[in-house]
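Listed after this line are the structures, all set down as structure tokens.
Note that subunit A is present in both complexes that follow, paired respectively with subunit B and with subunit C.
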Partner chain A sequence: MPVAYITAMTSLAKQLGAKRIVTGTKIPHPCGDPNLSVEADKALRRNIVKSALNALQTDVRGPTVFVPNITYTSG
Partner chain B sequence: MPKVRVMHYVNQFFAGIGGEEKADAPVGFFEGPVGPGKRLQSLFEDLAKIAVTAYCGDNYFAEHIDEALSSILQIARDRDVELLVAGPAFASGRYGFACAETCHFVSTSLGLHCVTAMHPENPGVETYRQHKNRRVFLFPTTEAVLGMENALSSMAHFVSKLAAGSAVGPPSDEGYIPRGLRLDEVATNSGAARAVTMLLDRLSGRPFATEIPIESLEVVPTAPRIVNLGDVCLALVTTSGVLPPGNPDGFRGYQNTKWAKYSVEKLNSMQDASWDVIHGGYNTEFMRRNPNYGVPLDVCRELERMGLFSRLHPYFYATPGARGLLSVMQAIGREIVTDMKAQGVGAALLVAT
Partner chain C sequence: MRLELATFPVKDVRFSNQTSYNYGVLEIDREELVALILEDKRVASASLDVAFPGEKTRLVNVRDAVEPRVKVSGPGRVFPGILGPVETVGEGRTHRLSGITVLPLAEYRPTILSGTAARSSGIVDMWGSGARLTPFGSTINIVPTFELVDGVTELEAHAAIQSAEFRVAHRLAESTRHESPEIVEVFELFEAEPSLPRVVYILSCLTTWHHPHSGVAYYGFPIRESLPTFMHPNELLDGALTANACKGGGTGTTTWAWMNQPVVLELLRKHGKCLNFLGIILQRTRFETEFGKQITAACASQMASLLRAEGAIITRTSTSGTNFMDVMLTVQACEKKGVKMVFMTPEWGGKDGTELPLVFYVPEATAMISSGSFERDVKVAAPAKVIGAGDTQLVQLYAGDKPFSPWSELTLPSSFCITGGVDWFGVMKPTCRTY
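Right after this comes the complex of A and B.
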């Protein structure tokens, strides 16, 4: 079964052999960013999940990192 | 003889900077030994001394690997370090990963020997095996910090050996975890004679050791892509520790050996109900405020209504992931996927903290 693995630790996920890896925001909040407004936070989460859905529909040969089209706040 | 100048790498906790709330601390350093380094120093005899202790927050390292590594390298360069010791990291996954990456990078950049230690099932061990660096040695420890004295003693013994310039033997002699490298040595008997001896030992039930062990990391085949996502039921899985209030299944903050599934059938957002967060490996403050960070239910409902996939599975699957043992997590993964298939799930999103 295809699994999209959303994590901020992408290099570790690659080494452990996960196939469809999606870059999350940060370790304590992979899907979103509490520094953003409620709307922008949700939009970020939507983009990450959409990137994960795209990963599920993409053929990969080995560990592959999908980077959502997002910008992160610092901190 | 001058003492070999050692750099000790530790995380924010063992550097005394703080706990999980300081896991975002960038790279810093102290002159001389700190925390476990003080005991390590006393075990070095007169051959080596800790010139500097470099530290980095576990989250900072994982999220800024390149910056962290180059800062650590600069500290080593500035002090003419001749050997690196990292950890021990025990079963802490982010810390073990940081130790393994730091050892490999510093060793490759400066040509140094590096010594680290952690539990054999720490994911950092896999990093170490993949790097296959001839100058990096990883020693096994217990899971818990209770084994500190033994860990420091085996590291110090080996560091003293390296500092004295002694030859390093194979893993079976020295005690470090095998890297999967083939080491040359001169044997007195021919290959044919050794193979027959090994066969006779095996047939008579005597102990024997293979010269070329086969690597045992499970290779998971790559699942084919979903062609029609609009026909597929999607399930959410999380290792973030989001659980129903009161933690009804009694999950622990770390090293869980089971999983559970919880209904979100009537919810449009994780914020429509109350949840607990049980996880001993990261600062759970943000997750408590908005569990959609670990179970992105709010946006999945939107995308479900838009028809991007057929439907969302009414349950999400959970096991708090801190310090999980690989073998246990593999078994949990197999059980979860069996349950999903029985219920018609075709694909999964796994959110990991």
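Right after this comes the complex of A and C.
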């Protein structure tokens, strides 16, 4: 069963051998950003989930990172 | 920048009607020091005790540790930004009392009750198996014990505890001002022979931006989301880096550890002899995004590369796994820029040493030093005396832990229950045998 793994620690996910890795926003909130307005946060969340759905439909060999369009508001 | 560090070893401590240092004997005017602590209106009650190595004494509610030092010449004061104005330190002459530590045993009503931002305390045993796991098991400990008034915030509690310990330590060190030291060491990054290998020290520290105090302060200023900072090693010897005095648990570092940083001291002593010590890159870690982690790694490695470092030592300061990743990524980034790396760290490994010792690794990390595992159980016997808690009072080390009686024998789940119990910088002497 294909699995898309959304995580802010992509280097670690690669090492663990996860095949479909989706870059999440931040360790405490991988699927959104409370610094953003409600609308912008919703768009970001949609963007990350879409990226995960795209990953599920993509054939991959080894660990592959899918990068959604994220503008980071902090490190 | 040239610093003379003058050492006054303490072999005995006695209570007296004056505070003075004479040939290794430190006399303490207990009333004077208690009055000094009580000057701070945030302190409700205070007392002061001394604990000697070998005694069956357990210290509890330990919040930090500090070595008595005083600046007798040169700019600034010890603990700049806290005990004095912000002025670059590391020059002139500093006196230190060695062999004694001031450990504040403080109680207050916490305002943060759970999570990683909550306070922590450690225990220190003066004898047996617990004493061997911390530098403070073999120093004579001056222990101001005090309670704060109700209604202080966590940051105020930190400031009050730190102020008490620093002012007591400073007062004790003042007693050496006109005395002659036993040892004087001179630390200076003079122009070294150009053929010597150029070495930089990357001091990675965990700082939590969302806590009342981030964990490590630079000239009294808690470091939050900063990028790497370049420091002269002498600055540490004068107390430019300090700890959060609400967190005495062994997962982090104490102020004592920053002042007695063994990697810094060793690199300073070897400077001009077998290497060219370039200075310290103070790196903030525990970024919460992969993006932030890559940036701190890129920035620290770029700094090392621009300094034309041929090699670097890197250490870290917390049991956090996310901080470990930042450090590993820095090792990788430096190696890719041609800077040879040695990474020293304690390891995980589980209760019997059979689990994974590291949570993350990069192929470039080819030279590592282990300073022991912090995941082993620590069995400690029942003490004859407890300082820092009343006869029936229970003690809690970390938020969420079950409070326990400090009077009994204990099986501690990790050496991080002991203040100074995790060896971040290789100050202790653990050994390893293969069977």
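Going forward, the second predicted complex is superposed on the first by the 74 of 75 C-alpha atoms of A that agree within 3 Å, B and C clash if a C-alpha of one lies under 4 Å from a C-alpha of the other, contacts with A are read in each partner's own complex, and residues count from 1 in each chain.
The definition used in the following text is that contacts are C-beta pairs under 8 Å (C-beta built on N, C-alpha and C of every residue); 3 or more make two chains touch, one makes a residue touch a chain.
Remember, predicted model here, so these are calculated numbers, not experimental data.
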item	value
Subunit C versus subunit B on the shared subunit A, clash or fit after superposition	clash
First, second, both or neither for A:9, with subunit B first and subunit C second	both
Partner chain(s) touched by A:45 [first = subunit B, second = subunit C, both, neither]	first
Touched partner set for A:23, first subunit B, second subunit C, both or neither	second
More subunit A residues in contact [subunit B versus subunit C]	B
Which of subunit B and subunit C A:53 touches, first, second, both or neither	first
Where subunit C runs into subunit B (options 7-15, 25-33, 97-105 or 349-357)	349-357
Residues on subunit A lying within both footprints (that of subunit B and that of subunit C)	8-9, 11-12, 15, 26-28, 75
Subunit C contact footprint on subunit A (complex, rising order)	8-12, 15, 23, 25-28, 70, 72, 74-75
Subunit B-facing residues of subunit A, complex	1-9, 11-13, 15-17, 19, 24, 26-32, 34, 41-42, 45-46, 48-50, 52-53, 56-62, 75
Contact footprint of subunit A on subunit B as seen in their complex	23-24, 59, 62-63, 65, 93-94, 97, 123, 126-127, 130, 217, 219-220, 222-227, 229, 237, 240, 282-287, 289-290, 292-294, 296, 298-300, 302-303, 308-309, 337, 340-341, 345-353
Subunit A partner contacts - residues on subunit C that touch it in the complex	209, 225, 287-293, 295-296, 322, 325, 329, 359-361
